[in-house]
Amino acid sequence: MRHLAAAFASVREQSCRLVQPLSAEDCCVQSMPDASPAKWHLAHTTWFFETFILERFESAFQPFHPAFRVLFNSYYEGVGEQHPRAQRGLMTRPALAEVLAYRQNVDQRLLALLAQVPAADIAGELATLVELGLQHEQQHQELLLTDIKHLLSMNPLLPPYHGPDATADADAGREQARALRWQPFEAGIVEVGHVGQGFFFDNETPRHRQFVEPFSMASRLVSNGEYLAFMEDGGYRNPLLWLAAGWDWVMQQKITQPLYWHQAQAQFDSAWREFTLHGPQPLALHEAVTHLSFFEAEAYARWAGARLPTEAEWEAAAAGGSLQGEDYFGVAWQWTTSSYAPYPGYVALPGAVGEYNGKFMVNQYVLRGSSAATPHGHARLSYRNFFPATARWQFSGIRLARS
Amino acid sequence: MRHLAAAFASVREQSCRLVQPLSAEDCCVQSMPDASPAKWHLAHTTWFFETFILERFESAFQPFHPAFRVLFNSYYEGVGEQHPRAQRGLMTRPALAEVLAYRQNVDQRLLALLAQVPAADIAGELATLVELGLQHEQQHQELLLTDIKHLLSMNPLLPPYHGPDATADADAGREQARALRWQPFEAGIVEVGHVGQGFFFDNETPRHRQFVEPFSMASRLVSNGEYLAFMEDGGYRNPLLWLAAGWDWVMQQKITQPLYWHQAQAQFDSAWREFTLHGPQPLALHEAVTHLSFFEAEAYARWAGARLPTEAEWEAAAAGGSLQGEDYFGVAWQWTTSSYAPYPGYVALPGAVGEYNGKFMVNQYVLRGSSAATPHGHARLSYRNFFPATARWQFSGIRLARS
Amino acid sequence: MRHLAAAFASVREQSCRLVQPLSAEDCCVQSMPDASPAKWHLAHTTWFFETFILERFESAFQPFHPAFRVLFNSYYEGVGEQHPRAQRGLMTRPALAEVLAYRQNVDQRLLALLAQVPAADIAGELATLVELGLQHEQQHQELLLTDIKHLLSMNPLLPPYHGPDATADADAGREQARALRWQPFEAGIVEVGHVGQGFFFDNETPRHRQFVEPFSMASRLVSNGEYLAFMEDGGYRNPLLWLAAGWDWVMQQKITQPLYWHQAQAQFDSAWREFTLHGPQPLALHEAVTHLSFFEAEAYARWAGARLPTEAEWEAAAAGGSLQGEDYFGVAWQWTTSSYAPYPGYVALPGAVGEYNGKFMVNQYVLRGSSAATPHGHARLSYRNFFPATARWQFSGIRLARS
Amino acid sequence: MRHLAAAFASVREQSCRLVQPLSAEDCCVQSMPDASPAKWHLAHTTWFFETFILERFESAFQPFHPAFRVLFNSYYEGVGEQHPRAQRGLMTRPALAEVLAYRQNVDQRLLALLAQVPAADIAGELATLVELGLQHEQQHQELLLTDIKHLLSMNPLLPPYHGPDATADADAGREQARALRWQPFEAGIVEVGHVGQGFFFDNETPRHRQFVEPFSMASRLVSNGEYLAFMEDGGYRNPLLWLAAGWDWVMQQKITQPLYWHQAQAQFDSAWREFTLHGPQPLALHEAVTHLSFFEAEAYARWAGARLPTEAEWEAAAAGGSLQGEDYFGVAWQWTTSSYAPYPGYVALPGAVGEYNGKFMVNQYVLRGSSAATPHGHARLSYRNFFPATARWQFSGIRLARS
């Protein structure tokens, strides 16, 4: 129990640390419907604990504020109505200070609850829900960083974020200068999905068997320099390299480079620069390319004479060794060619909390691994991240595969 | 000169007073593309003085911040590029505090400039531009209030604004309980447009002649209670009362009442309430109805067996007496049936500042008078306000006319 | 009565003559929501006679087809439901042949009705409605030509129309080589609106007085060559020449020339060509420019140091002489700067037929005169045509004015 | 060779037979961007033979019409430009008669080519391309029927199609009155993909191994009556039954029943009816439900306590017996839960014809089996049909599975 309380305090504190470099204004604004304000992340993660735990386990439960149940409900139809997603940025009230007070109130009540409950019971449903809430909060910590990066990138002043050390690394990338090797894997039945004692989301289960034909996996991620070669070879102008829907997207959105790349205009060298959480930086050619859509990753792979891996291939390869420097984790999420779908025998969690994962299993593609913005201890082999094929504001990159 | 400096200080101070009840978050967010953040209003009005006056008259001019020239340019193509209007709310930087510092800096420089210039010169171009800047700022003071009202209305918490006394009256309306009388006017040539010594915008000139056929004008504005009768008579469900484009708008936007009216749900009396700058209030039946589109005003007039006045009729009637309690000014802007168009012989101001009025003379309808949110001393007989036929977030109401 | 029957037969026959060069396919398709299929024009004009006349005056009235009352109702809410405008082109049934049979049936019944009614009664409501129906049909004859021109222009094969002689002239234009003179008019009260015995629409009444300040009017329309000079001077690239909404339109729609102009690609001379009802033709520099939006007409006028006339100015000038070769009629509709609005004292026709004109009096601009596509005898001094500021598929051109 | 020529003549003739009950108008119009005019189907399938075969193998090749190469190119970037998809219905020229002449011309030239070529060569590339062209044409025959059904359904007259006997059955469905049984399958490795001598598309290869966990498959398709029970149980009003994106679609599009179902209004029994190729019919409760989106199929399955099968499960089950009356083929396409993706080792055909399948492998879901509208001999075990999750105008139904 003390362990859980300590974990709770630590994760909750980290969210507050992430917003310390930000003003109340920075925390309030929503830069696009896909992104949420930092203040909303702070409140919604608190709402999760209040609604799914305090409301159920606290005797004489009183909501912190009666309107918050709707205001900070993201998408749980089982809980009831939700404030429209695209209007999250209009909530100048409650103020940031009130949301921080909300956090403090719920934290105290939850810690009190944990202290009351007999240790024997902790192994049960309460502990499971607290752990789920912490994992949920960690997911939002990464989203908070990607959403803030997007907001700052929309500002012509291109201000840096100046985050805490750990997270300032989100854009650090990792050297990719070593030669790319192809690691071969033989055909056979592999097991896919969560195994063991640690935490997992329902979408990682049940562990099941898949047959994988022979394939090879790249020993590292694609670098900025390699991606630049694709661009300089006319990658964004050749329809034959793209999925039809990807080409339509490139044409309609006038896409010509990764999300945060830009060329210094009116300068003698017109060098490529990239907006990062540290502000604009010269493009680091040897680091992993990030902020790519599935469409861009897929087109690059075709240009490179390769393809994206499937989930099963990725999990088998990452499990089978993951040598030093292969960057399966901690650099960039890696697009797979697998549509986000239920594993055979998948059953969602019961109750409203069961809307967590399953209802998004359509028209999204799975990313595996983790990024430099993923909280420490949050990633694991069976973790399934997922986004639509056009999403680019996450730290998403490319690991190539071949049949 | 001292008079101008005093006026400058007073108007500039009033803008700051308007945002005092607001948080930095309140001042940053843009609730719809038509509205602007309060912080943007504070910065743009300052930009006007810096760009059109300091840049021209200050020796050794240095911009306060090199990026502001684009960031806070609203629509002056002659000045150069503009930050996209729909993205004004994404500017969490500069922070509110920096914008207030920008105001102070420009205020000091402008007052210094006024102190330097020989009195004889003041009658000239500099004084004219300062006066234009102050009138411009007063326009934005009213917009700031209507934009804040819209933002707060989008928040499910429906927070009140708590403005300074003078502006808290914006929603006060005025008693409309007296019986409506029809004041007759004979046919004849009337003069329309600005006359005299005071300030005027270019769109109020040249003063010219119009022939007006006989008409009658209502002695007061339409009240909430009268408008409610229109609603209860099925006004929003009868296409024959509406212009075709108005009916399309009603159907597509599902319009069923004035912008800020709502019925208390789940209450035994389901009484009508109206969101005001003081928060939600019971509907005051005898006060003037406001926040109507041109389409609603026009449909109401048809239902009432009347019509909207033309600009010339309004100006003739308002000039010819405007008895106590007729509310030509200070309650609500009054839609006319006149499209916003140049007066015969109209010439825009020279230079970039000439983009002020003329380039908007299409697909907009003129409103006359002023509202309770209009700054003191800003209204006048020849003043031409204008908005598209669907605009509702201004304090816009109805004065009826008849042929 | 015999005169009315003869006029009826003649106008009705002309509609059929217009579609003779067209296939059933040509008559069925709708090229954009603003345009209607030729078959729909044939059916709707027939519906007008059936619904407003036969249904009312024919004893033992039976509809030709019970579904046509909704199918071919354009916008008369008083008649009832309407088939959605944007879906007019989906009606492959009734076939063209059935619609022609519908026409024959209604024609016979209407002629029989006219033959039955005592001559004395003809001067009354029946005759008025028949005359209204014929004027209505003539309006649709011009629309049919402009809609067919638009449809054929969307076909990469750019097929010609090969219409009957009279209408083949629609694109003939008229020589504009003579020098442009400015005809001066003095200030004074003018009478505007219909006067006399002939037919008129309700929107041309009541005749009323307007005061017009001194102005001059151009002696002819603007030519293709003059408009080309505007283009070559960067007219479409200079925001200072445009109304703000016009500039937005130019940017968003990527407008760079009049609707049907195109430059022959891959040819050595890259000469300008214009798609006409005769197919593509070399641009005739001395003919009147047509197919311009209000925005383009207004921008051209500003570039030329002039402006568009008001309705009153146009009517006064056209009444006061209209010398040979001044082209007030029969070449191109002439945009005015007047928004389409009710004349003082305007009253719509009673009943459903009263939805004809009045309900469109918002966000449209008046065009005066007539074009080469206007049926003979349809034009008159007080005629008010009207379209939105972006409409370009009509034969719309420019006559300049000056204060 | 004679066999191929006979097959060619037979398939080509069938396309013409399908349009015999249709007028030129019916064949010209496009009812939505997803659908194409019948005339376009006739021309595009001919273009396929002309472009991919005659242009390559015919000595002294001359195109039938130089503009057709662009006009009737669907999406082959390797061939060059394409006429915009949403504008296929604007092509009133070439007329239907010209398109039929185009067909005849290409047919004669292709048969002449087949007659010239030595038999030994026929087994080679030419024969492969002819066979591909015929399969391609058969796909368009089914699309032609679904597109015509959609067009006629948009007509308030709801006209029937009156097709040839074979195709008139497209809406015949099949009795589903027998009880639904669950057929169990054991876990194990199955082979998926094309095997044997017959024709196949590239997307059915390479045949490969998949591991399938234990599952059961329904012995027949879901019936109209069963689907009606889902509706009557509030299926379209309960968000917990739907994928999140499916629920958004239901709300935004106001979906309340399968595409062609409607309730007879103003009738005493308000019975459900379904628009079919025979016109409106009473809903046949025991026939298979069709015209469902993936979202509806998936929600129904959840309501029924089951799920959709994967491709591998479907293929294994259909291969393993497919007893009389199980309706794997010939009734309705069956949605699977498998996103359309490349098989391991998939390689597209070389050249422009390789754009046939692979470039659509994103955001689409696979349907297996065939429908009553599928041409005889076109279906096979490994066939992969695919549509977006919202598509409803195909004959798409539901076969349930369970883990």
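A few comments on the model shown:
We just call them A, B, C and D in the order they show up, numbering each chain from 1.
Note that contacts are C-beta pairs under 8 Å (C-beta built on N, C-alpha and C of every residue); 3 or more make two chains touch, one makes a residue touch a chain.
The structure displayed is predicted, hence computed values, not measured ones.
Matching the C-alpha atoms of chain A with those of chain B calls for a turn of 180 degrees, to the nearest 5.
Look at the contact of chain C with chain D and you find the same residues on each copy: over half of the numbers used there are shared.
If you average the Cα atoms of chain C and of chain D, the two centres end up 45 Å apart. Between the Cα centres of chain B and chain D there is a gap of 58 Å.
Residues of chain C touching chain D in their complex: 23-29, 31, 67, 70-71, 83, 87, 89-96, 151, 154-157, 159. Interface of chain C with chain B (complex): residues 75, 77-78, 187, 189, 208-213, 215, 239-240, 242-247, 294-295, 298, 307, 310, 337-339, 341-342, 344-345, 355, 359-363, 389, 403.
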